[in-house]
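Structures for review follow.
Shared between the two complexes below is subunit A, which pairs with subunit B and subunit C, respectively.
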Partner chain A sequence: MTEADNPHELGEAEFRATVHSFEFWFEAVEGYLHGRPYGVSPGLEEVDLTERQRDGLITTLCNYCVGETAALDASSGMIGFAPDRGAKIFLATQVVDEGRHLEVLLHRMKQLGVADPDAEIARRANRSLLKFKDRLLEFVDARDWEASVFAQNVILECLEFTVFRHHAGTADPVTAEMLRGIVSDERRHMGFGENDLGRRLLTAPHTHDRLYKIKRQLDSLVLDTFAETMGELGIEREERPDLAGDYLAAVARLGFRS
Partner chain B sequence: MVDFLSNYSIQKWLESCPQGYLEDTIYGHGADEREPEELLQNDDYREQQIRTTVQLIAGERCALAASSGLVNAAPDQASKTFLATQTLDEGRHVEIFTQRLFDLGVKPNDLESTIATYINPHLGKFAEVLLEKIDKKDFVAGVVGQNIVLEGMAFSVFEMLHAGAEAANPKFARTLSGTIADERRHVGFGENRIGDLIRRYPEKKPEVQRMQRDMTKHMLATFHEAFARNGGPAEARPSAPQKGKPAPTYQGLNMAEASNEEMEGALSATVLKEFKTRLGRIGLEYQSPV
Partner chain C sequence: MTDPLELPKAGRRPRQTFELEETGFNEVPKRFRRFYRRWRGPGDKLGPNEALCPVCKVVIRSTKELRAGDRVYCMPCMSRLELVEEDGMLIAKVIY
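Our next item is the complex of A and B:
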């Protein structure tokens, strides 16, 4: 494997220039999107869902759309105050990723027979997630880079990564393949957040306390979102996966312990 | 409207752009294509090319700020997703033209100072007019300013540069052809999406037309200064290597023989004609800055 194949063998400046580029993004997504319109292999067959399963899935997809719209609005808004060209270009790739997630989720809802996805989203959106979205966009409107990266590329991406990964393990084959493609993108977005904030924390340790306070505010919204989502999916309390534990562990791996 | 917007989905964009005309390119050109040696070894040429490329970067940075700023202001999901693709297109353009500066010998540490040295001040004012509308989240004015005025200007400038570079600098010509294909899509969205909004909000017309007039004024000043300083595309000059091909032409002008005034006049006339046509299609009247 050459340096060009493995960016981790590059120096820091070169590493950032490489991974924050259109070229890197395209090579990354090509592997799992080529030949998969709307994120799904054309030959993949639908399985029959019960009415309850279908309804639960629609509610879940509506909430995924809320999260992805928040990420689309936030990542696009952050380009205007990103600190350097590499960050701006990385965020441009994230904008298209988030837009694609929204598009494939809406497409899936239409496949499930939803005639007016916008109306369904308004009707079924989870209140905690809407509050989270508002809080995130407040950070973006205030052009607060550290808080925005933290809320979006650490907290929201960890939330989505955790939920989508679990859901992909139990979902019907079409939904599962679509979600696996999204999870691959989320890994890249989390990596950006970890890298950007990691460097900042080294030079400004006091930032950690500030981000920790933000985390405490947002954690409660994230945990409420999990509880509501699993209730909507009709999962019995004793059968629910430990999404909260997984989420907190994912955030801790990025250096933000509870 | 829904049918028209479905042609601007991310799925369509993925198939036509990264998996289509950009397939097998690196920074928008073929992997084995390089800047011509003659250009790199001639300080005068190289500086002219650096100056030209800096203007492209400045324009694309403005387009990146504008398209990303419009996502949040878009009134529907389909417009948001189209603007997401445009955001990445513009980010890619910033990247490939920045890479071209590096290929022309600019050191990464000198990037910002090189841009500050060579940027045309009128282009900065042109961007300010547009970004003021974006800051106010004014979707209608923002899309007209970005997708009709800025993209219409970029489209014509790229075509002129492409005509000049086609024979003498295939690498740069290939880079430009990818951006031209992107700009064509952006202009198409602007025309299709905004016509409907202008009909619904006719009270927006005077303000939008004022913005168009101001942007046009700064654009023409940009062209004037650029041609006065730089002349036409460096590769189109009589002494440029044409690889045995006839001198390039643009709008009927022999680019190797035309004066700077003639080239400026041809480009300005082309852009203004495009503006009038496209603005007319969306129900706006072109406002002359004179």
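Our next item is the complex of A and C:
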């Protein structure tokens, strides 16, 4: 092992340049996606789902598609006003990830027998999540970097990271493997957002109050989405994991009280 | 009792060193993979050279025993962390 292979020996600037690069992204995704078409190992067998399980899963996947489409539209738009080249390059890798997520989710819906995913998404989409998407895209249209990073890379990515991780633990094997691949991508998106915003808040503390107002507007939408998703997955109220806990911990690290 | 952090460097117990094996973690480029592993849930225990990333819940590993004040990187979520001691436990905190 050379010193260059020990990540903890890197200087801060070198570390950031490494992890925000396409080179890093290529070698990272190769580890968990190579040889897995649509994010799933060939030969992984389907299990029989009851009609209720299948229907609940389709509704959940429709909502995942809404979230991933929001992230795809937002991250691609954010490249145009990202503050530096490193952020632009990172966001370009995120756009690719989000496009892949949407593709594998639509593919899974087709495997479950959904003939017209767009119609199904329009029929089943969670209203709170749609409102969240509209608000996020307003921030992007306004070229508001802090609000866009906060809404997308902190709030939305944290929501997806948490829900997908828990869902992967209870899902059928095919859905679970597909979700694990998405979670591995979400780690980067979420970490980018928290760290970018954390650095910004240190140098521009006045941004904090503005983002706190945004958080208060979006909290109920996020928490409603968590609750509804758990219901779709058939998890009884008393058995539901504390999904909001991870989200609240992330915003607390940035100094936002709940 | 003397706080061990107040002892001169020569008086401190030398740090343990560790040979890192592959753990099956596959979310970073190959050359960095042995520095990370998946958290196996509530029954899992961290070694003296390990810290749990509070952002993405991946276990960060080092070739040397970790102590308060050390800085490590979580590559899977791109976070820079500092080890701090709280209630006798070593906790990783994000530094922005």
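The definition used in the following text is that the second predicted complex is superposed on the first by the 241 of 258 C-alpha atoms of A that agree within 3 Å, B and C clash if a C-alpha of one lies under 4 Å from a C-alpha of the other, contacts with A are read in each partner's own complex, and residues count from 1 in each chain.
By definition in this document, a contact is a pair of C-beta atoms (placed from the backbone, for glycine too) under 8 Å apart; a residue touches a chain by one contact, two chains touch by 3 or more.
All values reported here derive from a predicted model rather than from experimental measurement.
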First, second, both or neither for A:Ile89, with subunit B first and subunit C second: first
Subunit B versus subunit C as contact partner of A:Thr229, first or second or both or neither: neither
Touched partner set for A:Tyr32, first subunit B, second subunit C, both or neither: second
Touched partner set for A:Asn126, first subunit B, second subunit C, both or neither: neither
First, second, both or neither for A:Asp73, with subunit B first and subunit C second: first
Contacts of A:Arg187 with subunit B and subunit C, given as first, second, both or neither: second
Partner chain(s) touched by A:Gln152 [first = subunit B, second = subunit C, both, neither]: neither
On subunit A, the residue positions that both subunit B and subunit C contact, one per complex: 23
Interfacial residue positions of subunit A with respect to subunit C in the complex: 1, 5-8, 10, 12, 15-16, 19-20, 23-24, 27-28, 31-32, 161, 184, 187-188, 190-192, 194-195, 198-199, 201-202, 249-250, 253
Touching residues (chain side subunit A, partner subunit B) in the complex: 13, 17, 21-23, 26, 30, 33-34, 37-38, 69, 72-73, 76-77, 79-80, 85, 88-89, 91-93, 95-96, 98-100, 102-103, 106, 117-118
In the complex with subunit A, residue positions of subunit B that touch it: 9-11, 13-15, 18-19, 22, 26-27, 64-65, 68-69, 71-72, 77, 80-81, 83-85, 87-88, 90-92, 94-95, 98, 108, 111
Contacting residues of subunit C [partner subunit A, same complex]: 26-33, 35, 54-56, 58, 62-63, 71-80, 94, 96
